[in-house]
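Lettered A, B and C in written order, each chain numbered from 1.
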Amino acid sequence: MTSRTVEYTLGTPGLDEQGRVTDVPLGVGLKNTQEYRLPGQFDESFGAEHMLVNIGPQHPATHGVLRLVIELEGETVIRVIPHIGYLHSGFEKLGEYRQYNQIIPLTDRTDYLSPMANNVGLALAVEKLMDLQITERCQVLRVLACEMSRIISHLVWLGTTGIDLGAFTPFLWSFQERERIYNLQEAWTGARLTTSVTRVGGMMADVPTGWSAGLRDFCRTFPSTLKEIDTMFTRNAIWIGRTQGVGVLSGEEAINRSLSGPMLRASGVDYDVRKDRPYLGYETYDFDVPIGEHGDIYDRYRIRLEEMWQSTRILEQALDRLDKLEGAPLNVDDPRVILPPKSRAMSDMEAMIFHFKQVMEGVKPPVGEAYMGIENPKGELGYYFVSDGTAKPVRWRIRPPAFINLSALPRMCEGALLSDVIAINASVDIVMGEVDR
Amino acid sequence: MGLIERTPPDDPAGATAVSSISPNWVTTRLDFLTNWARANSLWPMPFGTACCAIEYMATAASRFDIARFGMERQSFSPRQADVLICAGRLPFKLAPVIRLIWDQMPQPKWSISMGACASSGGIFDNYAMVQGIDTIIPVDVYVPGCPPRPEGLIYGIRLLQKKIQGESIADDSLRQEHLVGPSGLFLPAERVDELSEPFGNSVSQTRSG
Amino acid sequence: MTSLSPSAAALRHAFGDAVERSLVSCRDTIVYVRRDRVHDALAWLKTTPEQTFDYLTDVTAVEYRDPERPLEVVWQLRSLARRADLRVKVALDKSAPLEVPTVCDLWKGADWLERETYDMFGVVFTGHPDLRRIIMWETYAEGYPLRKDFPLRGHFSRAEQTRQALAANPEAHYSLDELSIAEAFHELPKDMRERLRRGERGFLK
């Protein structure tokens, strides 16, 4: 704040030589009384009219390292200037130096609240680039991965937003449920959070024996937690007072600002990638897409809550299909993209050559480019690849839903109160790893 | 930047000040008491940036419950914090921020570097990432993992508690910290370069195409 | 669906020579438009009733490994109602200033996307209301990170990067009145560039 530093000449600010009060710095207190006058040397932004408030980059309510500079008139927000980039990790640059399968671990760390869904999106984008058809069992497993991610991501959103608005208990509930999904993820992939579960043309591994029973148990008992959260929030007077009619965006505006996911649907726009351009066979599952009507924080909350119910429904259907597909092939039968089984690589000359080439050179898609968007918990996550025929992409672009949703924050905060800024910012459901990449 | 200045060694007043509390029976008893109190009520300042912050939240939540180790109060204000837990990667843009927060924390203070990115830059050996926060602030405990499991973080916290129990009030140098020159660097520049050199697999992964 | 989207033909009909070529890659239609007409073409695609590409999915840029090949600015368009996609591109010769018109007046969502493209590639979007760096800090002096001539670890040595980062003011507002245009690495004097690249230890000769 170098250019806004104010220098005093008097020893005691606000007192004259006789010790009487003359000015009160920063316009606090005596605004409408006779004694008050604004000293001329003060910078305008520190005067009685407007005040600058800085939140972040290290602040518990900014959900990471977002920084907001807020210009206030009284308690009303005149404008909000978000400063981002504090978690810029150079993902896209790094992707140009990695083979396609080596990019999958990077996607875990962009949107770290839903790592499995990111893995799926990346694999789908490369498969579109290579025109690969994945097997049915693989599709079902990927649907499981996406919907599990949706649940754990919305649970974090619920817990942290609850804390922002003064409710601590739902945070503990939601993390209890997350731990159960974490256990399932760990049993499947070996990692709680950085899963890297997909590969181009298949999966890193099939689910272990008895795993689906665990997920079934989760699907059976998870709704009771959702009911508790529903009881706690949906008709809670404080929650309604803090969220209804706050941060409103109309449908037209939401489209014009390229919002996606629950942010778009809360404004009444019926668009869900799973329904409108289905991937992974989502068109064959029976589920509903909740649509809001007011475009405020409350509607966003209702939509995310409902999406968790719907995800549970999809998980149950997918589990039924998984049981039917027991023993079906998991990976595509194409030695150019999938490693041959270890037993064959050790005994069969041809398999060993493919294994060697695959490990040393990696997957080589043809020249071309592909954009693949999937419905992530935050919105439409898109991966855009440009290939020149080598094993490393020329350009790997992430279309980040949280980044684009966050860009509507200044518009939503105009005219709101300072305390609403926290609620509105929470409702966007940002994850800084993805905003800054 | 609000740091404790190290007394020059040739300053006689400073020398006597240090030697006047030489270790004896009283100080060791006092050490035991203060260290017991300090180690078991560490107030953490969670400097959560990325994936590790999610695991930190899991550690603080019901299943792992960090409050069992005297960390009931999460201090989101650095001025009331004892231990800085840097959970997640630290890009260069965030470097002055963590330095500022570290300077705002009152003594005695400790820091835990949680995860591979905070400790060494992790998989991000590129233009944007600080290659280990120990080039910016002093670090007491490094917790490996990407991200570390909550058990790993708790182990790191236990290690820090053990370290605190070995401290002595007679040792002034524990609280001394000084910057190298006017540039604000915490380590000499050639040391920063050396620490940040690529290692392991990342040497061969800097070729594109 | 390996054939060209009908929007490509309609665009050629409306704009004639300004549409340089169109092709299909991985089932997506790509249309190359001349730079001077790209704003008109995008506005036409947005407002024409048969097209109604009302949703701007993404704005980005692509630089190829071949240094002769022009840099491309990419707009991903979508019609929510018709469930159709179109990718519009402009090829920019790298010897000339990299400039394209902004589409912020058509889609407000383009604001941050264009700023990011400027930050990462140095493409100037003329007419943008607030074109300044968004991801890197305002005084970042190493250049544009996603350009191919930008090394993975940056131009400067790690010590220099750390020193410059620590010198940045974490409380600066970077508002328009305080704005300082970031100097590109290439504009620095040659000896300074060398010194910064070499670092303190001088191990990179």
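Throughout what follows, contacts are C-beta pairs under 8 Å (C-beta built on N, C-alpha and C of every residue); 3 or more make two chains touch, one makes a residue touch a chain.
What you see is a predicted model, and the numbers here were worked out from it, not measured in a lab.
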Farthest chain relative to chain B (centres taken as mean CA coordinates): C
Would you say A-C or B-C is joined by more C-beta pairs in contact? A-C
Using Cα averages as centroids, what's the distance between chain A and chain B in whole Å? 29
Note: chain C sits from chain B at a C-alpha centroid distance in Å of 39
Need the CA-centroid distance for the pair chain A / chain C, whole Å please. 24
Among the residues of chain C, which are close enough to touch at least two other chains? 65, 136-137, 145, 150, 152, 169-170
Give the residues of chain A that touch two or more other chains, as numbers and ranges in rising order. 57, 85, 88, 90, 93-94, 97, 388, 394, 436
What positions in chain B touch 2 or more of the other chains? 93, 97, 126-128, 206, 208-209
Chain B residues within the chain C interface of the complex: 92-93, 95-97, 99-100, 125-128, 130-131, 135-136, 183-185, 188-190, 192-196, 198, 206, 208-209
Name, in rising order, each residue of chain A that touches chain B in their complex. 57-60, 64-65, 85-90, 93-94, 96-98, 105-106, 108-109, 112-113, 156, 171-172, 175-176, 178-179, 182, 192-194, 388, 390, 392, 394, 432-433, 436
Over in the complex, which chain C residues touch chain B? Could you list them? 65, 136-137, 142, 145, 148, 150-154, 157-170, 199-201, 203
Which residues, counting only chain C, touch chain A once they are in their complex? 25-28, 30, 54-58, 60, 62-65, 74, 76, 80, 83, 85, 87, 107-113, 116, 120, 133-137, 145-146, 150, 152, 169-175, 177-178
The residues of chain A that touch chain C in their complex are 1-3, 52, 54, 57, 69, 81, 83-85, 88, 90, 92-94, 97, 128-129, 131, 253, 255-259, 269, 271, 276-277, 368-371, 373, 380, 382, 384, 386, 388, 394-395, 397, 399, 403-404, 406-408, 411, 436-437
